[in-house]
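Next come two complexes built around chain A: one with chain B, the other with chain C.
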Partner chain A sequence: MKKLIPLIVILLTIFGLAHYIAPKLPPQTELRPLGEFYLKNSYFGEYSAKSPEVVTSILWDYRGVDTFFETSVFFLAIIGSLTVFRLNKKEERLAKQKPKEFTGGLTLVVKSVTKIIVVMILAVSASIALHGHLTPGGGFQGGSALAVAPLLIIAAYSKYALEEHGLDKTRALILRSIGLLGIALVALVPLLTGGFIMQNQPIFPAEIKGQLVSGSLIYYNLFEFLAVGGGFTAVFLLLAIPEKVFKEILGVGE
Partner chain B sequence: MIEIQLIILLILVILGLIFSYLAILERDLLKAVGFSAVQAIAYSIALYILMAPDIVLAYVAIAVGIYTALLVFVVSKTTRYEVV
Partner chain C sequence: MIAFIWASVILALIATIMISLYGIARRPNLVKKLIALTIFGDTANLLVVLLGYRVIYPVAPPVLPYLSREALSQFVETAVDPLPQALVITAVVIGMAVNVLIAVLVIQLYRLYGTVDVRKIGERLPALLEGGEQ
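Entry: the complex of A and B
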């Protein structure tokens, strides 16, 4: 019971503040000029990104460089965690071997459910990423949804199941690098035809065979999807190495 | 009829606050991770009511899935109970 007293005090303070401050704040009745510009221009208008999804067109077109650097920060974070876990080739082979006490993951029920759910997650994440220029969502959202699928497999089966089927750390890193390279290339392509870095319209085609692809937005979303999914998967594969194996590799006793 | 949405929003945000408070107090770190996941679910529904579907899609995957799993990995590599 004693634990709840600070909680009640916090709640009362918040309610009190809300009661006194909220009526004094001026209500926002008009659109800000910048917001109005984005709303009017994202699909129609002179500075169009040819995308009905305003958020994605801001992320990858109007404020594209912001997102580019955000992605670089994410990569530096991934590279940092890979450096902490660095292993040479022999140690990596050691980490891929199953330990003696490995029993084969969770029960049959969990495994069967995981099989179905993983397929569903893959489909949903692809739809979030590849429809990012039409509906809410985009590369980062889709990529982080994609990363949940290997995570579920690691939890239900084991990291060895993933590695036996070909998705090991190196492959995940290759996927991540393809994504980053793709983003950089798509950003540089407009320079060839006399445009600016990360320019979208009119250099990239807005429609392919009658399907709205919003110029460069779909390429950015696709590559960001691969990059984020691959990066997270690599980190999870490293984190899933049992602590005991790590201690053996590093030669540190209990 | 905006009142119903506002009341649901209020309940969810208070729920999130309560669960984050519990997560801070809890000594069993696995339970604390669970509390933090409940807080994340409450906030993701709150964000949906606030009409920010882009944020919801990222928040659900990161805060409920990846963040929770990362913390469970960390707990499994260290100790389960917080000792002061």
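Entry: the complex of A and C
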């Protein structure tokens, strides 16, 4: 009951203030000119990205350099996490060894459901990323969805199950590096033919065999998908190292 | 009535921002600070998305429904502003990466100090800096 009083006070303040300022707020019914320009020109028009999805066309074409630097911030954040958890070769082998008391993950029911769900997550995340130029979605969202699949396997089985099947930290990092390298290459290709950095339409074909691929947008989405998915997977693998093993590595005993 | 709901949504978001700022400043637990920080970031993103919203009845997402020039003018009549959404989509993923970085640092602090209470870490830090290894 005592906790309810501040809540009621806050609610009453909000509704009272809302009643007071509601007539004074400007009506937000019109588009801003810049937004209108993007809506009109993203598929039709002279400065076109040939994408019906206006958000993706802004993200990777009109304001491509913004996104390029946002990707570098993402890169730095992942590198920072990996640096805090850095291990040498001997310690890495120690982290990969199963501890003696390891029993093999959750029950059979959870494991069977996980097997089905993981395949579905992979399909859905690929669909989100590769249809990014047609429907709401894109590389960032697809990559975040992709990173859920290894996380689910870590929870239901263990991190050792992932590593035994070949997806260890190094491979996840290689996947992420391929993604980042791809983004940089696709951004630099227009310079070779006299265009500008990250320019879309004059260089990349808008359609391949009748399928709308929106020039460079599909490549950016694909590589961003790999970069985000691989980066998060690497960090999740490091976070999944058992506390006891890590304390042994750090040399801080109980 | 619509203006009243619109104003309450904006004020509720501002109140959420203030509560999360209180959480960041006043909670001694680092994990709770991180939770308050995620709430702060998401609320700020939601306010930016709200900037691009249009308070009209048939309102559409910024995705062309048909690839024909005739439908374009009607689409522009109803579609919301795409620019804030494009800015937020990157901010969300950057926010997630930065949150992962902070979570990793909190875990590492817990392993080294055995606590996530900033007051206790602050007490032990000068001794660690003066005496080298503990």
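Following the convention adopted for this analysis, the second predicted complex is superposed on the first by the 254 of 254 C-alpha atoms of A that agree within 3 Å, B and C clash if a C-alpha of one lies under 4 Å from a C-alpha of the other, contacts with A are read in each partner's own complex, and residues count from 1 in each chain.
The working rule: a contact is a pair of C-beta atoms (placed from the backbone, for glycine too) under 8 Å apart; a residue touches a chain by one contact, two chains touch by 3 or more.
In this text, all values refer to a predicted model and were calculated from it rather than measured experimentally.
Participant: Report clash or fit for the pair chain B and chain C bound to chain A in the combined superposed model.
Facilitator: Overlaying the two complexes on chain A (C-alpha atoms) leaves chain C and chain B fitting together cleanly.
Participant: Determine, under the contact definition given at the top, whether A:Leu239 touches first (chain B), second (chain C), both, or neither.
Facilitator: A:Leu239 contacts both chain B and chain C.
Participant: Considering only touches as defined above, state whether A:Leu7 meets chain B (first), chain C (second), both or neither.
Facilitator: After superposition on chain A, A:Leu7 lies in contact with chain B alone.
Participant: Return first, second, both or neither, reflecting whether A:Ser144 touches chain B, chain C, both chains, or no partner chain.
Facilitator: both
Participant: Where does A:Asp66 make contact in the superposed view: on chain B (first), on chain C (second), on both, or on neither?
Facilitator: In the superposition, A:Asp66 touches chain C alone.
Participant: Taking the superposition on A as described, I'd like to know which of chain B and chain C A:Asn88 touches: first, second, both or neither.
Facilitator: Touch status of A:Asn88: no partner.
Participant: By the touch definition at the top of the document, which applies to A:Thr193: first (chain B), second (chain C), both, or neither?
Facilitator: After superposing on A, A:Thr193 lies clear of both chain B and chain C.
Participant: So, A:Val55: does it touch chain B (first), chain C (second), both, or neither?
Facilitator: Both partners, chain B and chain C.
Participant: Touch test for A:Ile21: chain B only (first), chain C only (second), both, or neither?
Facilitator: Second partner only, chain C.
Participant: Tell me the contact category for A:Pro136 with respect to chain B and chain C: first, second, both or neither.
Facilitator: A:Pro136: touches chain B and chain C.
Participant: Just the number, please: smallest Cα separation between chain B and chain C in the overlaid arrangement, in Å.
Facilitator: Minimum C-alpha separation, chain B to chain C, in the superposed model is 5 Å.
Participant: Enumerate the residues of chain A that count as touching chain B in its complex and touching chain C in the other.
Facilitator: 10, 14, 55, 136, 138, 140-141, 144, 232, 239, 243
Participant: In the complex, go through chain A and note every residue touching chain B.
Facilitator: 3, 6-7, 10-11, 14, 55-56, 128, 136-138, 140-142, 144-145, 147-148, 151, 155, 232, 236, 239-240, 243
Participant: Inside the complex, what are the residues of chain B that reach chain A?
Facilitator: Interface residues on the chain B side: 14, 17-18, 21, 25, 53-54, 56-58, 61-62, 65-66, 69-70, 73, 76-77.
Participant: Going by the contact rule at the top, pick out the chain C residues touching chain A in the complex.
Facilitator: Result: residues 3-4, 6-8, 10-12, 15, 52-56, 61-64, 67, 69, 72, 75-76, 79, 81-83, 85-87, 89-94, 96-98, 100-101, 103-105, 107-108, 111-112 of chain C touch chain A.
Participant: For chain A, which residues are in contact with chain C within the complex?
Facilitator: 10, 13-15, 17-19, 21-23, 25, 27-32, 34-36, 38-40, 42-44, 52-55, 58-59, 63, 66-67, 70, 73-74, 77-78, 80-81, 84-85, 135-136, 138, 140-141, 143-144, 228, 231-232, 235, 238-239, 243, 246-247, 250, 252
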